[in-house]
Each structure stands twice: as C-alpha cells, then as structure tokens.
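Chain naming follows the written order as A, B, C, D and E, and within any one chain the residues start at number 1.
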Amino acid sequence: MSSNIFILLRQELLLSLLIFILLFIKIGKERSNESILNLINGLLVVNLAAGLFGMSEGGIFNGMFTTNAFIVLEKNILNLALLIISMQSYAWLKNHKQLAEFYLLIFTSLLGMFFMISSGNLLMFYLGLEMSTISLAAAANFDLAKRKSSEAAMKLILSSAFSSGILLMGISFLYGTTGTLSFDVLTAHITNNPMQIFAFILLVSGFAFKISAVPFHLWTADVYEGSPVAVTAFLSVVSKAAVLFTFTSILYKVFTPIATVWYSVLVVLSIATILIGNLFAIRQDNFKRFLAFSSIAQVGFILIGISGSSQAGSASLVYFVLIYVFSNLAAFGVVSVVSALAGKENISDFKGFYKTNPFLAWVLTIALFSLAGVPPTAGFFGKLFLMMAGAAKNNYGLIIFASLNMVVSFYYYLKVVKAIFMDENETPIQKLSIPKITQLAMYICIAGIIITGLASLVYDYIYSLSIGI
Amino acid sequence: MSNYLYILWIPLLPLATFVVLGLFGRKYFAKTAGIISTASLLTSTILSFVAAKQYFFLDGKVNGVYQKIIALKYTWLQFSPNVSIDMGVIVDPISVMMLIVVTSVSLMVHVFSLGYMKGEERFATYYAFLSLFTFSMLGLILSVNIFQVYMFWELVGVSSFLLIGYYFNKPSAVAASKKAFIVTRFADLGFLIGIMIMGFYGGTLDIGLLIEKFTSAQSPEFLSITSASFLGASMLTWGLTLIFMGGAGKSAMFPLHIWLPDAMEGPTPVSALIHAATMVVAGVYLVARLFPIFSMDEAALTIVTYVGAFSALLAAIIACTQTDIKRVLAYSTMSQIGYMMFALGISKNGGENGLGYMASMFHLFTHAFFKSLLFLGAGSVIHMVHSNEMKDMGGLRKLMPITHAAFLIACLAIAGIPPFAGFFSKEEILTAAFHENKLIYGVALFTAALTSFYMFRLYFNIFWSKEAPAKAHSAGHDDAHDHGEGTWTMKLPLIILAACAVGVGFIPFSQFITSDGAALETHIDMVFSIAPVALSIIAILLSASFYKKENTKSDKAVAVFGGFYRAANKKFYVDELYLFITKKIVFPLIGQPIAWADRNIVDGFILLLASTTAKISSAIKGLQSGKVQNYALYFFGGVLALSVLFIYIWK
Amino acid sequence: MNEVPLTHILFLSTALFFIGMYGLFTRRNLITMLMSIELMLNSVNINFVAFNKYLFPDKLDGLFFSLFIITIAAAEAAVAIAIIINLYRSHQSIDVDDATEMKF
Amino acid sequence: MNTSAIIFYAIATLILGAALLAVTTLKIFRSAIWLLFSLVGIAALYFWMQVEFIAAIQIVVYVGGIVVLIIFSIFLTQQSGKEMAKPATSKIIFSALAALLGIAFTFNLINHYGFNTLSSQPFNTSVSEIGTQMLSTTSHGFILPFEVVSMLLLAAMVGCIVIAMKPTSADIVHLNKKED
Amino acid sequence: MNLSLLILLPLLTALLILLSKQLAQIRIIGLAGALAQLGTASWLLKLYMDQRAAGNTATHLFESNAVWFKALNINYHIGIDGIALAMILLTSLIVVAGILVSWTMEKLSKEYFFLLVLLSMGAYGFFISLDLFTLFFFLEVAVIPKFLLIGIWGSGKKENSAMKLALMLMAGSALVFVGLMGIYYNTHTFDMVEIGKMGMSLGVQKFFFPFLFLGFGIFAALFPFHTWVPDGHASAPTAASMFLAGISMKLGGYGCLRMAALMPDAAHSYSWIIILLATIAIIYGAFATMMQTDLKYINAYSSISHCGFVILGIGMLNKTSINGAVIQMVSHGLMTALFFAAIGMIYSRTHTRMVVQLGGLLKAMPFISTVFVIAGLCSLGLPGFSGFVAEMTVFMGSWQNPDGVYRAATVISAASIVVTAVYILRATGRTIMGPISDEHALLSDASWNEKLAAGLLIIGILIIGLAPFLINQLIMPSTDFLMININKAITLK
C-alpha cells in the first residue's frame, strides 16, 4: 500500500507541498510580489502537469480515500481552473500585501475539495467540504478594507455554517439508520423509509447550497459581488465543480436504491433553479452578480444532465464543467482585469467597450456566447449534451421547459453583447494594458472554448472514463 | 411541317431588337434606334406575308380544309407527366391573319413614330418597348399551349403598362398605367383559374388536345368536367367564363373596360397599335382560339354574347359625349370589339352557322386598319395642335389635307358605308345576328347608327366647325420640323392605311377564315343592307347638322337628354364605383386593419411575453433581500418543502 | 442499564437543534448568531454519540465524527469571529441588518 | 423511573432551558453565559452517557475555547450590559413557526422510525482505544481525517491572522485607491 | 468532390479577413472568397449533372460520413441532392452580390465582412448536412452573425430588431431541438437517411412534428411567428437584409421540407393546418404590404407573403407543389435580394426609404430604377422572371388537390397576385415614376460594384425565368425521391 500511496495521493501531496512552500516564502526573505506570483504560477503548471500522467485507481485508508482515472481527470480540471484563475488575477494580486496567505487559503480550499471528491466516507466528505468552505470564507474577505468584501465573507461563513449544520443533521440520521459512514456499505442499507428520505433531503440541501441551486442559492449573488474577483471565480467554477462531482458520484454510487426519489428531487430543483436564475439574471447590472445568477441558471441545466443518471449523464457533466471552466473564467478574467485596472464592475460601464478594448471585448463576447450555448463555441455542445442526457428519461416537458429558458438566457447574454458592441457611451472604459500572463490565460480560455467543442475526442475521452448507474 | 419554322423569326426579330435597344439603346443607338427596329420589323412583316402566301395559297389547304399546323413545340416547364407549359408555333387561318394584322399595323406605327417621337429623350427606350410589345403579341398569337397564351398575355400587359407610363413623370400617365395593369391583372386572375380548371379536367394544357378532348361529347374528360359543378354551373362553364373574364379584361369589355380610356395617356402611336388594333383584340382572339370548346357550352357563349353587345352599346353612347378625341376613339374601339365579341357569341362551330365567327374575325381584320388609321390621324392632329380637346380644334382640313382625307375615309369605313372595309365586315356580323338573335340584331343596328354619329361628330369637330385657325396654332410651338402635318414618315402610314381601309373589304375573307377551316359561301344581300346603311347616313347627316358649323343645336340636344347625357358624359360612374370599392373598402377595411393587427396584436403578443418576464423578475426581486437571516429562513423553508413533498405527497 | 429510550435523547438533540436555528433566525447580533450555530452543531454531536452508543457500539464512527465536528466547529468559530471583527472595523457595527449593502 | 433517568431529564431541562435563554435574552453578555451553561449541560450529558473523553473535549474546546473566544470578541465589539436590538415581531413569529414545524416534523419521523435499542454490547471508549484508532491506518483508523483536519486548522489559523490583523495605514490607502 | 470545401472556403476567407489589415485588402479577400464559393458551387453543379447523366441514381451524391461524437452516435454526414444544390447555388450567388453591394462599408469593415462570410458558412453547412445534429449546429451558427450585423451596422431601432430577431430565431431552434431529441430517442440516430429508412410510429411523429415544423417555420416567417421579419429586414444593413431574406429564411423553408419528408405521416395529417397558416400568411402578408410606406417594410412583408407559397407548396405534399416550393425558395431568394439591393442603393443616395419622400428616380438613376422595376415585376410573377415559374408551379401543384378546402386555399393564394400587383405598382409608381424632387435630381447612378451585383442576381432570375426546364432538371429527380416516402404515407391513409 505504502508503495502506491504516493501515486494515488500525488495530487493532494503536491498541493500540500505547495502550501508549505508558501509558508516558507512567507517566513523567508522579502520578495517582490511579481517574483512570487511567477514562482507560484510556475509551480501550478507543474502541479497540473503532475496530474496528467500515471492514472491509477484504488482506495487507501480502508476506503476513506478512493481514486480512479475519472476522479483524477476531475481533479486535473480543477487544477487547470486554479492555474487560469491565478494567471488572471495577476493584476489584482500584484499589489496585494498578503498574496502568499491568499494562495495558501485557496490551495487549502482546493485540497479540501480533492479530499471531498475522492472521499469514500461521509466523514472525509464532510471534512473536505468544511476545509474548502472555511478557507474560502477567509479568502472572500481579502479585500480587507472593502465593506462589501467583509459583508460577503460574513454572509458566506454564516450561511455555510448553517448549511453544514443541516448537512450534519442529515448525516447523523443516515448514520443512525444505517450504522455506517462508508459509502460502499451505506448503499446496502438505503431504503426509502421516511427517515432516510428526510436524511437524504437534508444531505441534498447541503449540496444544493454549495452548488447554489434554488432555493438554497440566496447567498450566491451577494458573496460573488462582494468578494475579490479571483475568489468569485474560484467559487463559481472550482468549488461548484468539485461539489457537483462529489454530488454526482454519491448519487450514482450511494443512493441508487432511491434513484426515483432523487430523480424527482433533481427535476424539481432544476426547474426552480433555471427559472429563478434566469429571472434574476435578466435584471442585474453588476457584472459579478449577473454572472452569479447566470451560473445559477447553468447549474439548473447541469442538474438536468445529472438527472439522466446514465454514463452520458456524468460524462456530459464533466464535459460541461470543463467547458464552463473555460467560458466562465474567460468572462471573469475580463471582469477581473477591468475591475482591477479601471475599477468598474457594472454592465452599463461596458457600453462602447469594443471601441476601446477590442481584444477584451471579443474575449468577453466569445465567453458569453459559449455560456449562452451558441455554436461553434463549446458551450453549445456542453449544454446540448446535458439536455440530451436529461432527455434520456423521456421527460420531454422538462426538455421543452429548459430549451425555452435557454431563449431567456440568450436575452441577457445578448444584452451584454449589445452593451459592448452597439451602445454608445461618451465615457467608455479607457484602453487597458493587460498583463502578458493574463493575456495568455485568456488565449488559453478561447482556445479551450473553440477546441473542446469541435474536437470530439475530448468528449469521447471523458465518456470512456465516466460511469453511470 | 418544319417548313414553317421560319415563322419563329417573326417574333424573335422584335425580341432581338428589344434586347439590343434595351441594353445598349441609351448609349449607342439614341438616334438610330427607330431605324433599327423599323428595319427588323419590316423583315418580320415580309416574313409574315410570305407565310400567309404559303399557308393560304400553297400548302395550307388539305382537301378544302385549312389545317392546324404545329410548326414547333418545345416543353418549357413540366408540371407533371402530361401537364406542362409548351412553347410553340401554331399555324392556322386566324394566327396567320393575326400575324399580318399585327406586323403591318405595328410597322405603320413604327414608321409613324419615327416622326412623331422625334427628339424624345428616351427615344430608344420607346422603340425597345414597342418591339417588346410586338414580340409578345406575336408570341400570343402563335401560342400552342393555353399557358403559353397566358404568359404572353401577361407580357403584353406589362409592355402596354410600360408604354402607357412612357411619360413617367406625368402623374396622370403613371396612374393610367397602374390602372391598366391592375385591372387587367384582376381579369388575368380569372384567366389563370380558368386555365387551372381546364388543365385539371383536361389533363393537359395543350390547346389542340384540350379542344380534342372537350369537343367529343363522350370523352371521359368532357363527362367529368360537365358533371362536376360548382354553385349550379358546370365546371366547363366556370372554366370558359373565367377564361373569357381574362379576355374581357384585355379587350376592355364591360365591366372591365375602365382602363382603356385612361390608357390614352400614352403616346398616340402606342394607342394606335396597342389600344386599337392589336392587344385589345387579344380577348377576341382568345375566344376564337378556344371557340370549339366555347361552342360546346351554351351558357358561356350567352355570357360572351350579352357582355359583348352591352359593351358595344354602352361604349357607343358614352363616345357620343366625350370631348377628348382620343377618348372618343377609345370608346369606339370598345364598341367595335363588343361587336366582334357578340358576333362570336352568336356563332356556332362550323358550317353555315359559323358565319358569326368568320364575321367577327373579318371585322377584327378590317377594324385593325381603319382604327389604327383613325388613331394615327388623331395623332398627327394632336401633334400639330398639341391638345386632345375638340374645342382646341376645328377647320383643320386646309392645314392638313392628307390627314383630313385619310380620316374621312376611316370614318366612312367605320360607319359602314360601302364600299369601305367596315361595310363588309359589319354586314356579315349583322346578318349573323339577324339569323341568330333579333334582340342582338337591334342593338347592333342602333349601335351602328350611333357609331356613325359620334365618328362624324369627331370628324366635323376636328376639320370643320370653326374657321381655319391662323398659323398662330402652329407658330405656338417650336419644333424645328414643324410644317403642317409633319414629316413624310408620318404621312406615309396614313396613306397606306387609308388604302387598306378602302381595299381590304374586298378580300373574300370567308374563303380563308372560318370556324372549321372549310371555305364558306357568303354574299352581300343588298336588301338586307339597306337598313343599316340608311341609318348610318341619317346619323351622319344629323351630326353634320349639329357640328359642321358652329351652332347651338348640339346644346339643345344635350338639354333634351339632360341627366342621361350627364351620366353618359361621366361614363355612367363606373370609375367612381371602382374608386369607391378600392379607396373606401379594400384599403381602409382590409388593408389597414391587417397592418394594424400585425403591429399591435401579433407582434404585440410577442412583446407582451417579453415585458411580462421583465415584470415578474422585478416583482420577485424581494427574495434577494440581502438579509442573511432571511436567506437561512428560505433555506430551511426549502428543506421542509422538499421533505414534505417527497415524504408525504409523492409517496 | 437505562430506561431512557434513545428517542428521548434524539428529541433533546432535535429540540436543541431547532432552538439554535430559531436563534439564528431571530438574533440580529452576529456573535449571538454564531452562538446559535454552535448550539446546532452540539445537537448534532449528541446525535452521533447517542447513535453510536445505543445502536452501533461495535465501532466508534459516531464518536470520532463528533470529535471532528467539535474541532471544525472551533475552527469555523475562529474564522467567523475574525470575519466579524473585520466587519465591525469597516461597519462600526455587528448588527446583521446593517450589513445588507448587496441585495436584489 | 430510576435515578439515571431522572438525572437525564434534569440535564435535558438544563440544556434546553439554558439554550432557550441563550437565544432569547437581550443582554449579549448574559446570552453568552447561558450558552456556557448549555454547553456544560451537554458535557454533563456525555458524562451521563459514559463517554468521558468526549465530555472532556467538550469542556476543553467549547467551554475553555470557543466561549472564551466569543466573550473576548464581545468585549472587542461592544460595551457589555447594553441591550441588543429587539428582533421584529413578524420575524420572531415566522422563525418560531419554522422551528416548531421542524421540531414537529422531525419528532414525528423519529417516532415512526422508532430507533429500537436492542444491542447491548459493551461500548469501549477508553482514551487509549480512541488514541490508537485515531492514529491507525488499519480499518477503523482515522489517521487521514486527522491529517486533513490539521491542514484545515493551519489554514483557519492563517486566515484568522490575516483577516483580524489591523491593516496598516498603507494598505488602507492603496485599497481605498483601488476602491476608487 | 469533397463537400467540406464549401465550409472550408468561407472559413478560410473569414480567417484571412481577420488577419488582413487595411480596407482594400479586406474587400479583395472577401470578394475573392465569395467568387471562389460561386466557382465551387457551379463546378459542383457541373459534376452533379455529369453524375446524374452518367446514370447515378443515388439519393444523395458526394456523400461522406465521418464519425463526430462516437458516444452519442453523432456523425458529420454530408451529401447533396438537387434541392440542396439549388440552395447552395442560390447562397453562393447572393454572397457575391452581398459582398459587392457592401463594398463601400467603412464602419468596422473587417468585422462586417467577417460576419457576412461566417453567415454564409452556416448556410452552406446547413444545406449539405444529412445529419440532424450537424444540421442543427449550422442552423444556429447562422443566427448570431445576424444579430451582430443588424445590431451594429443597422439603422433605425436596430438593437430591438436585432434582439427580437435573435430571440425568435433561437426560440425556433429551441423547438427544433426538442423535436430532434424526440427523434433521437426514438430512432437512436441523427442520420436523416437512416431515419428515413426506419420511419417512426405515427404517435411519435404526431407529437414531435409540430415542434420541428414550427421551429423551422419561425425561420421561414410562418404566420403568426413572422414578426421578426419586418423589423429585422428593415433595420438590417443592405447586405444583411439580402442574406436574411435570401439565405436565412430559406434555411427555414428547407428545414420544413426535410422534416415533412422525414415524418410524412404527421405531415400528411397536419397538412390542413400547414395549408391554413400558409394561406393566411400569403394573403395577410400581401394586404399588410399594401399599407406600408417604407420600402424595406414593403419588401419584408412581401417576403412573408412569398414565403407563404413555399409553406403552401410543402403543405400540399405533392410532387409539383413541392417542386414549386423549392423553385419559389430559389426565386424568392434571388428576387428579394435584388430588391433589397436596389432599395439599399436608393437609400444610400437619398437617405430615405419613405415612399412619399421619393419619386421620379428613373430620371436621376435609370439603372437602379430599372433594377427596382425588374425586381418588382419578378415579385409580381411576370413571365420571363423566376417568380412566375415558381408561383405557377405551386398553383398547379396545389390545384391537383381536388379537396374543396385545398381548392379554396389555392384560389385565395392565387388572388394574392392581384394584391401583389397593387403594392408593387404603388411602390414603383411613387418612387420610380412621377415627378422628381430637385435634390434627388442630381444624384448619381449605380457604381460598378452595384451594377455587377444587380447584374448577377438578374441573370439568376432570368435563367430560371426563361429556361425553367433547367432548374426542373436539377430538382425533379430529388423531389421524386422525397415523394417516395410521402406517397407511402398518403396511400397508407
């Protein structure tokens, strides 16, 4: 066991290593932020690379930690997201005093997610969840003197504490009714007696809170708006993705006996989520808030995909998340650059943006199109495959509802595009000089948006790894 | 019979002219356009005479009967296995006769226009349009397929539209052209539906086959079309009537005649060509072409008869009251075509009873010459006086002797005074009418009298009534070439046509053109002719006493008729009726409501969807209150709701 | 050894849980809200220990779980209080209704 | 109804009563003290359940740690003795309703499920036992969670320090600048 | 020949345009690309005809089938039949004309041409794809460029029009998507050919056909979902209007046709609704046009009326009518593009499209006026122009349907030719004829590029109008293939 423990745990170990390196950086001699950032980004590249080879699967610590190629892939996606985020928040972090601590928190959070994803046991799952949440809550406060930032952090920590309370209640009841914490054993004891369904729903609400599904989403917009863009991006992409992965695997692995129940739960949640997300997104002006609600709507679609509960379901989920990483981060990248260099975060500020910053405008536009699901961007495929997976249950009412809501979502995405390209503005955002590294990140995103969709091998690869019920 | 293939050149030459002039005329042929097109048309005229000679005298006749010869047939557009539009050339008595008429009259007009249109800015365009018209008219004549007829029918219509609207910056001309096109289009709708009915039941669009199928009373097609009925009338009647509707539209039969008088806005030579000799008789030609089928259906023929007769009478009455000389001529045209129509209507197919048919064709023939002559005469008069109004004329006989002579001949011809052309054809028609239908005969007789009255009213008003005006008239305008009647190119056609107006009556028409192709023995019965001729002469004298010298007799007459006169002068308010229907019903009661509904109801619904969504979204924004405690509350509410839902409701 | 049925202990914990929830809903002072959350977590702890003791004594899962919950609760509380203090610095108040800048 | 039962119900009343007062009293300092009592009561409950180790931890961490922390933060953030703002009655009603509903619902479910206690095996919770399991990698070993939690605590610590540290004037300046 | 060339060419052009620097370069590249497309299309036509002449009776020629998403059985399956080829030719012709017309576009010209080319790529892909997913993909590719084209370069209340257009079209494609899902989960393939072989149960067809037909119908301005047409066309820049009416509305018609062939039973049982809607659209559009005072609105509404003929032809479900529908698509594409081009030329000179403010343009700009008149005459179905052929074929086809209701529909639709004449002549009479105002009298006539563009389109119109047997030759065999399925369904009733 100890032989392959390093291989199985390599991503986690690497991350912990990074964390310690950060500590040394902190206590070591004073360095310029730029050098630190470059160093960290370099390390992140290594970290990402390390995950890419040596797929191996198995469980250690008697099943508390399990991994396989699919999980490794998921973690790699998260690593990639982290790398892109850190490249894009260069401008913001360049003149932040505690960037080492910031990275430390973010890494810890990611580490927690890793443990959560490969948790084979409710305890590990809970620990991972808390680990990611607590450190994120701290990170959310990193615009220390911003009122909004601390408000956001407060809202995040309180509501997540509350939700984890509920989650724990659920877990405790599960434990009480089954007498075990490990997933493999759990499945055998799951029946659809009210107590367990109640416990299950408490559990689901905990998940729903993290992925901000309606009606557990209310913290999302405020936190997104308040926290630093980097954290917002991390919240909206990485943490959401991690929880979704875990959620799916738990649903597919553990709760198979009550599949019918959770299918209908998912349907209800998805309908509510899409609807509310769209309705609120329509009327937002703050860009981060807007993205928050749009991402809520996206989660609704994801839930539809998961509800397909087939191999295609989990595959399309991971596929969509990958695409979502590119698209959403491209959007956030532009927003973060603009907010860091021009201090503007409102959609109305983006009027006439194309005249002054064509490059950023195009990046943002392509990202938005991908989010809206317009071909040839990858978002089109992502969304379609999700819906196809959902349609497998022949629940066409849901599909009709979803596809009509896609039209609504088109409206607000196109509204932003309209602001960027068509609206006149006498005081547009001035010409911004983007850090090279950020530019690179954006190029990566765009490339991803284009390639991931058209090159079918990405999807086929994911599909080959994924599992269904 | 491929040796008629050269006939194809007769229409193609004008077409070529049109293309050339249309594309390059403005640039390269601004001056020479007239010559070019006249030349090409001269060629086709000669060709058509050659064809006539070959057909009538050499090989057209097979054991005493003139054959229908399909010189060419090419499938142009296939609808379904045996229904298709074919382009082709048919050679039979009437088509050859029409070839002669169209080409020669058109040639005259071309020549006349050389002088008349001289110095026009769009001289080339004018000739391009003329050629286009000639081409389409010839194509119409030679059609082998009823849909081919329809196509050239439309083309004729559009070229007439273009020519009427030739003075495009004159609003009245534009209005007239629009009116002409739309009215005829409306008629063509009927024509189209008629064609579809025929095509559906006949299973073909080929005229020959159609005639074949619908004339044998046993053929399944015939049975099916006669057995199928709609609103009490058999489909055959419907089909034929609708087709006739098309014809009536082009031939300005009541109630579709309103466009013809206004069409006089176009250049006078155009009126001479299109609205006197050729296009307006297309309707007659169409009926004649399908006559065998018509003759199978009494009802349709009756309609043709009475429409024709009524139009003839009505037009004649109106003509007596008009003061614009071209309008007078227009109405007389309408009246004469009415003659031809009812002549067809009362005719039977074949043999002695086919007299009406033959007579109608004959009248068509003769009328073409003297009516175009009249128009060209009027043209040169107008060219000199620069006005269409009678009151501006008078005593012109000294100033323009040739015109005067030609015009007089034409008037005599149309009045049916022997030995002029009109006399013979009219006699035949009257004879036919007398044998078939006394009522029609009466109408015809009365109309004949009216005709001679208003024609001579016209004649006297132009050439006599006042004193010969001083040169002042002509001194008024500044055309370089102004001396009396204008150039020889304008005089020559008058002379030729006058000659025709005298001569063509003597052609033994019945030898060549009859309903069944076999020769028909006709003789002018002197006794019978007394009545019409006498009436005409009386009418002429009457109008002479009214208008030869300026006097008040006419006003007295007007006073006598009073209201009736005013009504007639206002063309019996038909125009007003149409105006009412369009301006007061179609536009405000159909068009505007639909346009409004589209903006406000159909589109409004879409917009409503959008605005409702926005409303809802701002209505529920309270959920996001920013108070973290409420968030927790909702959170727990969600949990409870889900649990209740899935534990108690969705068991 | 005990006549107290497990369900009663569960009732106790549940009641405690919802009392805590009530506190979270009603308290406007952030620190007291934090206290309420602590109550909720404690009730969960009781659950775990009780289940472990009375139903599945062969393993110590529940017990350990509660141990970790206590630890994490501590960490959470620490971070939360740090955040609250920072909020107090910027808002000069720890009333939750004063921190509602971001809404709708 | 024997003594242990009586003790249990006594403890239960203490816990619930203290908790109730903790969430209702208007004097923040008092509510902290009530919370303290409630936590101590829970510790007592653990003793009653003969899981002394947990009880000890409860005392140490909660009473000795969290409550103290809370009290300090109270001192930091406001002057004691001052009444807190009263919550809106409507909010009280709704919250109470929600809580009661929740209680009723859960009670009902628990009743129906009726966790019947049949097993009476010994429940060995000696500290040594716990210690070995905590650090063993064999089955029922909790070494991994232990490590993970250590990372978590580290992160939490760092986070607390960064956030709670009084920002130097320099930061304020440039942050404000950034805030435009 | 590999059909993917039709996608690659525009793609290449677009990329080159992005790379190129100054205006002249962009124009040249754009034009070159467009001409290349035209060349390819005509070359394709030649090859196709040769194949057919050589006795190749396969339904689709130049087929190639590559696996795209293996897991979901999505294939990049392309191939053309006569109908698709006709559409491709139409597209390529209009693209060239559009590029030429927008030769003088100064504002953001790079983006402008880029989007135009992108749009054309979508159209090509749509027409060549035999796999429903690919079809859908390209259908949506063609939407967003329209939004940007109208919104950025448009006139009037362009943003709203662009938004309305984009949303309605997206709603259309959403419906289509639902239908596709239905088909996919009942046949487990997207391949039209295989689906055609398999067929679907009547129930399935009847449930999903409406989604598909309505979805595509929105693209084809099916009443009452046509309201994006007037605003969209009116606000769009000239070339965009040409593309919209000339190409993208055809996507809808083509899609409807394919769907009808794919689900013949449903199509047959719903035909009366289709015909009803089509007839309403025809006559309603005609009357609505009569009331318009803005030239672009006139043409837009007339497009509604004309596209009604396409739907009518499809709804009648017999060979002649479907033939007519196809011809009408091509003809309307050319004719309306020509019309918009003429209007654009007039607008760019007079800066007004209001009929009442124009007049007597024939004096100042004879060429443009002639083009205008030709377009008008074509649209009122004058023999010799394509409009006549198309409409007559539709009429003859629908008249073959002896049922009284269908007869009535046919007659009503036929009646629209009179209304058409009315509005066309009104427009012509007011703008081209009549007295001209002084400031307009001095305006210049068409420039070389405009002449070229108009010339191309007119040639197209004339070819169809004068030698319809050519296009029939191209289309008829393919319609026969379509009819095989449909007739089965009808006789089955």
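Miscellaneous remarks
Just so we're on the same page, a residue touches a chain if its C-beta (ideal position, glycine included) is under 8 Å from a C-beta of that chain, and two chains touch if they have at least 3 such contacts.
Note that the structure is predicted; figures quoted are calculated from it, not measured.
Where touching is counted per the definition, the chains common to chain C and chain D are A, B.
Using the mean of the Cα atoms as each chain's centre, the chain most removed from chain D is B.
Centroid analysis (C-alpha atoms only) places B farthest from chain C.
Chain centres defined as mean CA positions place E nearest to the mean of all protein CA atoms. C-beta contact counts were set side by side for B-D and A-B; A-B has more. The centroid of the Cα atoms in chain B and the matching centroid in chain E are 37 Å apart. Centre-to-centre separation of chain A and chain D, using mean CA positions: 30 Å. Averaging C-alpha coordinates per chain places the centre of chain C 66 Å away from that of chain E. Shared contact sites, meaning residues of chain E that touch two or more other chains, fall at 167. Listed for chain A are residues 123, 127, 130, 134, 137-138, 141, 144-146, 153-155, 158, 162, 176, 194, 198, 221-222, 283, 411, each touching two or more other chains. Shared interface positions of chain C, i.e. residues touching 2 or more other chains, are given as 10, 17, 20-21, 24-26, 28, 33-34, 51, 55-56, 61, 64, 68, 72, 75-76, 79, 82-84, 86, 89, 96, 99-104.
Of all possible chain pairings, those that touch are A-B, A-C, A-D, A-E, B-C, B-D, B-E, C-D.
The part of chain B that touches chain E in the complex is made up of residues 26, 75-80, 83, 85, 147, 150-152, 154-155, 158, 165, 168-169, 171, 174-175, 177-178, 181-182, 185-186, 189, 192-193, 196, 199-200, 587, 590-592, 594-595, 598, 602-603, 605-606, 610. By the touch criterion stated above, chain B contacts chain A in their complex at residues 610, 613-614, 616-618, 620-621, 623-624, 626, 628, 630-632, 634-639, 642-643, 645-647, 650.
Those residues of chain D that touch chain C in the complex are listed here as 1-2, 4-5, 8-9, 12, 15-16, 19-20, 22-24, 28, 31-32, 35, 38-39, 42, 45-46, 49-51, 53-54, 57-58, 61-62, 65-66, 69-70, 73-74, 76-78, 84-85, 87, 91-92, 94-96, 98-100, 102-103, 106-107, 110-111, 114-115, 117, 119, 121-123, 125, 129-130, 133-134, 140, 142, 145, 149, 152-153, 156-157, 159-160, 163-164, 166. Interface residues of chain A, counted against chain E in their complex, comprise 312, 315, 369, 374-376, 380, 384-385, 387-388, 391-392, 394, 396, 399-400, 403-404, 406-407, 410-411, 414-415, 417-418, 421-423, 456, 459-460, 463-464. By the touch rule above, chain C contacts chain A in their complex via residues 10, 17, 20-21, 24, 30, 33-34, 37, 40-41, 43-44, 47-48, 51, 55-56, 61-62, 64-65, 68-69, 72, 75-76, 79-80, 82-84, 86-87, 89-91, 96, 99-104.
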